[in-house]
Structure formats: C-alpha cells, structure tokens
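First subunit A sits with subunit B, and in the next complex the same chain sits with subunit C.
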Partner chain A sequence: MGRHDLVVLAGLLALSILPPFLTDYLERVITSALLLASLALAQNILLGYTGYPAFGSVAFFGVGGYVTAVLMKDLSLPFPLALLCGTLFSGLLALLIAPPVMRLKSHYFAITTLALQLALGELVANLEVTGGAQGINLPIYRGPGGYLIFYYLFWTLTLVAFLINAYVERSTFGYALKAIREDEVAAETLGVNTLLFKTASFTLMALITGCSGGIYAYWITYIDPTSMFDPVLSVKMFVALLMGGVGTVGGPVAGAFVLEVVSETLWGQFPRVHGLILGLLIVLIVLIIPKGIWRRR
Partner chain B sequence: MVRLLIALMVLAGLSLAEEVLRLGAAVSFTGKYAKEGELLRRGYELWKEKVNSMGGIKVGNKRYRVEIVYYDDQSDPKTTAKLVEKLIVEDGIKFILGPYGSAQVFAAAGIVEKHGALMVQGGGASSKIYKQGYRHIFGVFNTAPDYGRNLIDLAVTLKPEPRTVAIIYEKDIFSEDAARGALERAKEKGLKVVLFEGYPKGAQDLSSLMIKIRAKKPDVVIGAGHFRDSVLVVKQLKQFKINPKFVGLTVGPPVPAFVKALGEDAEYVFGPVQWSKAFSYKDPLFGDTRGYVEAYRKKYGEDPEYHSAGGTAAAMALQIAIERAGTLDVEKVRQELLNMKVETFYGVIGFDETGKIVTKPMAVVQIQNGKPVTVYPFREAEPVYPKPAWK
Partner chain C sequence: MSLLVVRDVFKSFGGNVALKGVSFSLGEGEILGIVGPNGSGKTTLLNVLSGTVRQDKGSVFFGGKRVDRLSPHVRARMGIGRTFQITRLFSNLTVLENVLVPLHYGGPGSDGKRAEEILGMVGLLHMKDVKAGSLSLAQRKRLELARALSLNPRLLLLDEVFAGLNPVSVREILDLLRRIHSETGVAMILVEHVLKALFQITRRVIVLSEGRVIYEGEPEGMANSEEVIKAYLGERYEAFRGKGP
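Entry: the complex of A and B
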C-alpha cells in the first residue's frame, strides 16, 4: 500500500466514528457513497488488476439482492443468514459461468457480462418467486441501531473489499492477476494457470457485488428488476472507478466519494441540469487526469 | 424618491414576512420517468399557483403561501429515498408530495414512515403499497382490482343487458388482481361467469382459451393482461370468429399504439383509465373538472392527462386535510385524510384505513373511429353496444 492508499484507509477508519455527528441525510449520502465504493472496489479486482472490464457486474448486485429478499420473504430467514446465502449464491453463479465467459477477451467479455445483466433482469421479471415486474417488499428495519446498521454494513463491506484489494496489490495471487492483465499469453507461458486465476478474480468480484446488493435490498425495502439490474448503476460505478484510478487500492474509494459528493451538491443546486454539469465534469476529469486521482504507479 | 424607495422596501418586507408552508417532492426530471415526472410536477405547480392566487393555505387563523421544494430523483429509487430523507431531515419538511413510479413510491414510503412524516402520492398504482401496514402514505390512483370492476360496472348499465361473462387473465399479480376485481363485481351484479382462466406470462398463442370461449358464447369478454396480450386477445377473438357484445381489456385501449397495432379491429373495444377530462365533478379550487382542464390548457398549452391530474389531486387532498385539521400536526392531518370524502375535479376523494383511494371510479373509454372516447361514468359519446361483428 502506498502513502495515498494509507490516507484512504485512515479516511475509511475515521468514517466508523463519524455517525454521531451526522444528520440522517448525511448518513444516507455516505451510505450511498460506501455502496458505490464497494462496487467500484469489486470491479477493480477484475478490471484494475486482471484487465477484464465486466460492464454487467451489476448482474451480481441484482442476484445478491434478490436471493436475500426472496429468502427473507418466502422462507422467513433472518437477514444475516439471507445475506450470507445471497452473497454465496452470487459467488457460486460467478464460479459456474466464469470458465466459459472468462475465455472471451476485452469488449467481447464486456458485452457478454452486460448481456448477462439484461438477461437476468428479464428472467427475474418473469419468475413467480421474484414477484415478477411487481418486485418484492421487505419489512422496514426497526431493530436496534436503526438505519445506522446499514451504514456500518456497507462500511464493513467496503473495508473488507479495500483490504482484499490491498492484498491483491502485493500478493502472489495479485502478481498472477497483474501478469494476466499485462500479457495473458506471456503469463500462460510462465506457468500461470490463467483460467483458474481469472475465475477466482471474477468470483471475488461477484461475492462483493452480491453482498452489496443484499444489503441494498434490505436498506431500500423495495426491489424490482429495473432498479436491481440498472445499467445506470454500472455506469456510475465505472465513472467512480475511472475517476479514482483503475488498478489502485485507494482510487475506487476516493472516486466513489468524490462522485457522490459532487453529484449530491449539484442536484440540490441545479435540479434540472445537474446531469449535464456532472457529464461535463467527468469529461474534464478524464481529459485532465486520464489515469484518475490516484495514479497507478 | 427616497420615500418611495423606503415605502417599496417596507412593502417588500411585509410580503416577505408572510408565512410560508413548504412541501417537498422528489420527482424524476431525468432518466426513464422524465416525461411522467414532468407531468406530475405540472400537476403540483398548477395546484400551487391556484392556491397561492387565492391567498394560500388556511391553517387555523393563519394563511400560508405554498412553496414546493423539488429534487430530481433521476428515476432511481435509491436516490428517491435519499432525497426524501433530505427533504424531511435537512429541509425540515413534514408533508411530502409523492414521486412517480411504484419503486420510487415504495422507496419514499419507507423514509416517510420512519420519520413520521406524511405523503400523499399520485405516482404509484400498485396495490402492494397499501399492504405494508404504512400509516402515513395515501394514494389517489385506483389499484388493480378497480380496472376489472369498472368494466363490469359499465357493462351492466348497457341494454340489452348482458348475462354471461368470460374473464381471461395473464398470470401476473397486476392482471390477476384486475381479473379478480372483475370476477367479484360480476358475481355481485348477478352476471354468470362462464369462464375464469389464466394463461402463462408472455403467451404467444391463446387458441385453447379461445376454443373454450367460443363454446360458451359469452356476452362479455374481459381480458386482463399487458399491452401485448391485449393486442393478441383482439386478434385471436377475430380469428376464431368470436363475437361477444362487449370486449373489455384492462390495459391497452387508451394508448394510441393500441389503435396503431390493430387498425379497424380496435374499434369498439373498452378499456379503463385513471382519469379523463370528460369527468364532470365540482371542485373547491377550479370550480369543476372543466375549469381544471381550462386552467391547465391555459398554463401549459395542452390538455391534462391522468399523471398531471393525479398530482393536482394528491396535493389538493393534502391541502384540504390541512385546512380541516386547522394545524400542521401530522397525526391530525392524517386523521382528516382518513375522514375525508370530498368532491374534486378528479372525482370523489376518500381513503380507506390503508391510505388507498376507494371513492373514485375509473373512467372507461371506447375506441370509436380510431380514437378513445370516454363513455363511463360520463359520456363524451354514446357507447356502441352490442359491438358489431368483426369485419
């Protein structure tokens, strides 16, 4: 971990003692930023270190969210258990589809994951158990801690995802991924079992993304196919990642917070043209600092 | 000159001293519901201008000028939740006007409940909104069962009276709810239900159902499904030469694409809509429905349709409840909403204990000469019945 990343880690740790000083609204803004950060960190393992852009990684967000919701609703499982199942199911699904999907390269891979996201969205919209297009309601959480619990859940997830990224940055596992990113054929020649490592990377991404979706479902209390498999969420995640710096440990977190804070300030001030301003900002950032706030060294 | 300036400043000061009641709304200005969100906002704005031109909302002995704080939820429920929380916590607003879309309404409802604020919404028609035990959410859209009920209500007023009815529905929650509404009402009205059967979602062919319908020769056929099913039902009724006196479809007929898809075969099909400008009710603000339509036309240069009308009606229900309560206390205003039964341009507004509107009919339109015209409960044109045989 570089000095920059330590700053981000310190910032993350500081967030854990912040809530007493926050209004409910600010708490929610930071929770949203943490959600985005967890997604960006998950994608970073795949895109940043392995070099595979999963445009449709939000598919696992939807799967995690739906499995959690269905288990809570139909089997009355307690939330922690349902969340665990949702997370594991996302990982399992990724593990199963990784071998064929991970043989595709660059944009073919990106489009395939996007297709997966849209197909799963359609599937969920047409299944009985998922409530079809009508979606699923979850009870409002009224237990101890109130909505602060979601703040800490997303915080924990982000911290874990951050540590995984830090591990990937420095470990043999990470070197293998980076070797794949730089030159897959070369990596293979050097004896890296590329499919195995790619599958592991893809599954890790899915586990974190799925867990994020599960927490989201209970937090927002109502999920439907359009909001759980939303392409706009993929876009936001990619913007956060690119802004922060692909392939750095701290970048995705920084990017997510900057994006969230900027867009939050903007839409309060300019309810109609905030999209335009945000778009311009993104263009400027990409032009001026194409490698993101946290440059990859 | 200086005196004049001072006088002006004093005047400005006085008008600023006027009390302001702020309401909040997170609606979609961008994203996939941008159009509906804009229509909803127009409904709110028209109401606001009218109320302010009449001196504002009267609460006890005070008059409050209305201001609405808008945020853009980007058609994203997560954002809706965040913004509604912002409205309540940061802006200190207790009364929320609803967003557009069922997912958005659900997201907002959770937050409104959590903070004990109050929301009246004209943006979500899912009946599930009212099955969550929410206490502070009220809605002015009819829910799914009403789509079926109002078709039957119309059918039984026609002469010669229909005796038998066949109801077919797509197996999803909304359509099944609508079909059950029709079933229940048909039984109440003494119609004989000769067929009540569902078909799987996304069915491409309804031949087996059509054969059953043909054998029963019902006077009325009700189809509850989505747009594509509605088109399919009409096509296959024709193909199987089934000629009921009345064909009613829960979704499709009011949409221009329905006539486009079916051409001449769309003629004389009935379908329900939430609201129609052909309604004729008295209204405390606009005089009557026509007054509302004219005010809308004057401000926006086009006729209002149900999204805007729902917005105005939601805001108006809140206003009436606040004025009757004579206080800005949420619980008392809620009680007045529960007690309410008031005639407005939108229909009679009254809610059951779950917050769902129960006193207002839906309008039913019939396709005549390629256009949907309202035939129930107010007649823009006479309904054509019995329906002539397919050409």
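Entry: the complex of A and C
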C-alpha cells in the first residue's frame, strides 16, 4: 500500500470511533458513502485491476438484496444467515455466468452486464416470490445498537473490500489480473489462465456487491425492482470510482466520500439545480484529473 | 525425435486462406528461420503454434504430445515461449513485474533472484523498477525475450525480433540470441524480414508464400529457387528473366 492508501485506511479506521459524535443525519450520509465505497471497491477489482468494466454490476446488488429479503420474509431466516445466503448466491450466479460473459471484451462485456441488470430487474418485477413490482417489506431492525448497526455493517464490508483491493495490488494473484488488464493475449502466452482469473475477479466483485445489496435491503426495509436494480446507482458508483482513481486501493473510497459529501451539500444548498451542478462538477473533475484524485502510481 | 511437428495446417479468416497445408518439423535445440513476403502467413503460423489462433485443419505436436487443442497458457507451461511483432508488454507494470508474471504462472515460480538473473542476461537489470511503457523499442524487445525466457522454454517463437532496430541494436540482439542458445539450448523459430541478421544465426529456412511452404533448406539455396524469386519479385520479373541474354 502506498502513502495515500494508508491515509484512506487511517480514515476508515477513524470512522469506527466516530458515531458517538455524529448526528443522525451525518450518520446516514456516512452510511451511504460507505455503501457507495463498497460498490466502487468491488468494481475496482474488475475494472481497475482486470480491465473489465461491468456497467451492470448493480445486478448483483439487486440479487443479494432480494435473496436476503425473500429468505427473511418467507423462511424467517435470521438476518445474518439470510445475508450470507444472499452474498453467496450473488457469487454463485457470477461464477455460473462468467465463462460465457467473460469471453466478451470491452464495450461488448459492459453492455452485456447492463443487459443482465435490466433483465434481472424485469424478472424480479414479474415473480410472485419477489413480490413483483410491489416489492417486499422487511421488518424494522430493533436489536441492540439501533440503526447504527448498518453503519458498522457497511463499514466492515468497506474495510474488507479495501483489504481485498490492497491484497490484489501486491499479490501474485493481482499480477495475473493486472497482466490481463494490460494485455490479455500476452498474459495467456505467458502462462496465465486468463478465463480462470477473470472468473475469480468477476465473482469477487459479485460477492462484495451482493453483500452490499443484502445490507441495504434490511437498512431501508422496503425494496422494489426499481430501487434494487437502479441504473443511477451504477452511474454513481462509476463516477465515484473515476473521481477517486481507477486501479488504486484508496481511490474508490476517497471518490465515494467526495461524491457523497458534494452531492449532499449541493442537495441542501441548491435543491432545484443540484443535479445540474453535480453533473458539471463531474465533467470538470474528469477533465482536470482524468486519472482521479488518487492518481495511479 | 523431433521437438515440434507441424502437419498439414490450414487456417482461413473468412475468405482469406492464410495457411494452406503447412508441414515441417524442428529438432531439439534447432534454429529455424521463416521468411516470406507480407501476408504470406508467417505470423498466423506462429499464432497457431502458440495457440492464440486455432487452425481449421491439421495438427501440431510438441515434445511428442498433440498440442493444437490446448490453450495458450497450457502451451506456455509446456515450454513454448513467444514474442510479438509489435511488442505486447504490460506497460503499467515494472520491468521486474513483467518477468515475475511468467515466472510465477508459466515457469518455475515467482523467484525474485531468478527474475533478476534473467533480466541480467538480457541487460535490463539496471532498469528493473522502471515502468515497461517507458522503454525504448530495443529495450522492449529485450524485455519480451526475458519474459519468454522466464517460462524455461524448450522452444522460442520470435516474431520479427530485429524489425525497426538500428544496426547496432540488431547486432546486440543477435549476440543475445546466440548467447541464450548456447547457454540454454532452446530451439528457436524466427519469423524475419531482416535476412542478413537471420542468416547469421540459422542454417535452415522455410519460405512461405500465400500460405504454402515454397522452399525449405539452406539460406543460400533461396536465391536460386524460382518459386522464391517469383514470390518476392512477381511473375513478370520471372518472365523478363527468362527472355534475358
């Protein structure tokens, strides 16, 4: 890890002792930022290190959320077990579809994942078990810690995703992914089983994204296809990643927090035109610092 | 027993037939040159041998085993290393990391000492921490060689390794190839346009034209082969020569 990444790690660790000093509003903003950071870190493994942009990775967010919700509602499974199942199911789905999907490259791959997101959204909207377009209501969490539990769940997930990214950055596993990103044909001719590593990268991304979806479902207690397979969430996640720096360990976290804070501030100050100002800011940031705040070393 | 046996290999891309029944064999430690005009199928042949392109018909045996249905990474692990006509380095990785990847995944394991030995052999040890993307063309070619050597190869496929280099660099790479051959005994196939350099390292060449082998033998014999002259200079030249004094 570089110096910048250690700063982000220190910041993340500091967040664990911050809640007693936070208002409910700030707690919610940071929880949202952590959610976004976890998604951006997951995407970073696939896009940043392996070079494959999954525009529709939010598909796994929806799958994780829905599996968690259905298991809690229909089978009355406790949340931890339902979340574990939702996470594993997302990973399993990725593992199954990776062999054909990961043979596609660049924009073909990106659009295929987007199609997966839209198709799964439609499927969920038409299934009885998922409550169709009506969605699913979940019981409100009334255990110890109250809603702070979701802050810590997203914090833990973000920390784990951060450490996975740090591992990828320095390990031989990461070398294989980076070799694929740099030149897949060359990597193959140098002994890298590219399909295996691309599948591993895709599955890791899906596991983290699915877990995030599961926590989110219980946090907001009501889910429907529109909110769980939301293309806007994909866009926000990509913006956070681009702002922070693709292919860096700390970048996705920094990008997520900057985007969330700027977005919330603009929302408060300019409720009517905040979307317009945010859009302009994003264009400016990408033009001025195209490699992100955490410039790739 | 031959190290490599290529039997009746065909490959077409749409309506363009790149290889039309190419056959040849290569002995353990032998150096073979493959020449031919642009578009004659030389690079396609190397791609078929390394597995990045699959042939339509025919077979390839390496070390007595049929390999033509195996993935490129499996062939690499069996000891087939290659370089590319236009270098394909991992530009954002350091020179050392470029060598560690094949050492770990295709060779004996990611051993930093072995990586440095290989970089020392190709004269890039002093640049091990430099990003590969910032190397000069000659250095890029050396690094591609180093990566291929990391596989502990029994066969090196070198695609236009002298192309674009100045005479000094050509001589340096030539010396390097000679040293690699004498130290490791690796067999080599060189696809090459720089015939002067090629003929200094090999005594056996194959000439390809429109996907067919039109000459196989010593370099000196090429100049007397009517088919080779026709392939390089055209049928009109051949007719003109026939009418000459």
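Definition applied: the second predicted complex is superposed on the first by the 297 of 297 C-alpha atoms of A that agree within 3 Å, B and C clash if a C-alpha of one lies under 4 Å from a C-alpha of the other, contacts with A are read in each partner's own complex, and residues count from 1 in each chain.
Operating definition for what follows: a contact is a pair of C-beta atoms (placed from the backbone, for glycine too) under 8 Å apart; a residue touches a chain by one contact, two chains touch by 3 or more.
Just so you know, these numbers come straight off a predicted model, no measurement behind them.
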Superposition-derived comparison: subunit B or subunit C, residues of subunit A touched: B
Subunit B versus subunit C as contact partner of A:N137, first or second or both or neither: first
Touching partner for A:L190 - first (subunit B), second (subunit C), both, neither: second
Contacts of A:R272 with subunit B and subunit C, given as first, second, both or neither: first
Which of subunit B and subunit C A:Y108 touches, first, second, both or neither: neither
Overlap of the subunit B and subunit C footprints on subunit A, listed as residue numbers: none
Of all residues in subunit A, those that touch subunit C in their complex: 172, 175-176, 178-179, 181-183, 185-194, 296
Residues of subunit B defined as touching subunit A within the complex: 29-32, 70-72, 74, 76-78, 81-83, 85-86, 88-90, 102-103, 106-107, 110, 113-115, 126, 128, 132, 171-174, 201-202
Residues of subunit C touching subunit A in the complex: 50-52, 71-73, 75-77, 81-82, 84, 88-93, 97, 100-102, 104-107, 110, 147-148, 150-151
Parts of subunit A lying in touch with subunit B, wherever the complex brings them together: 23-25, 28-29, 32, 126, 128, 131-135, 137, 140, 147, 216, 220-224, 226-227, 230, 232, 267-268, 271-272, 274-275
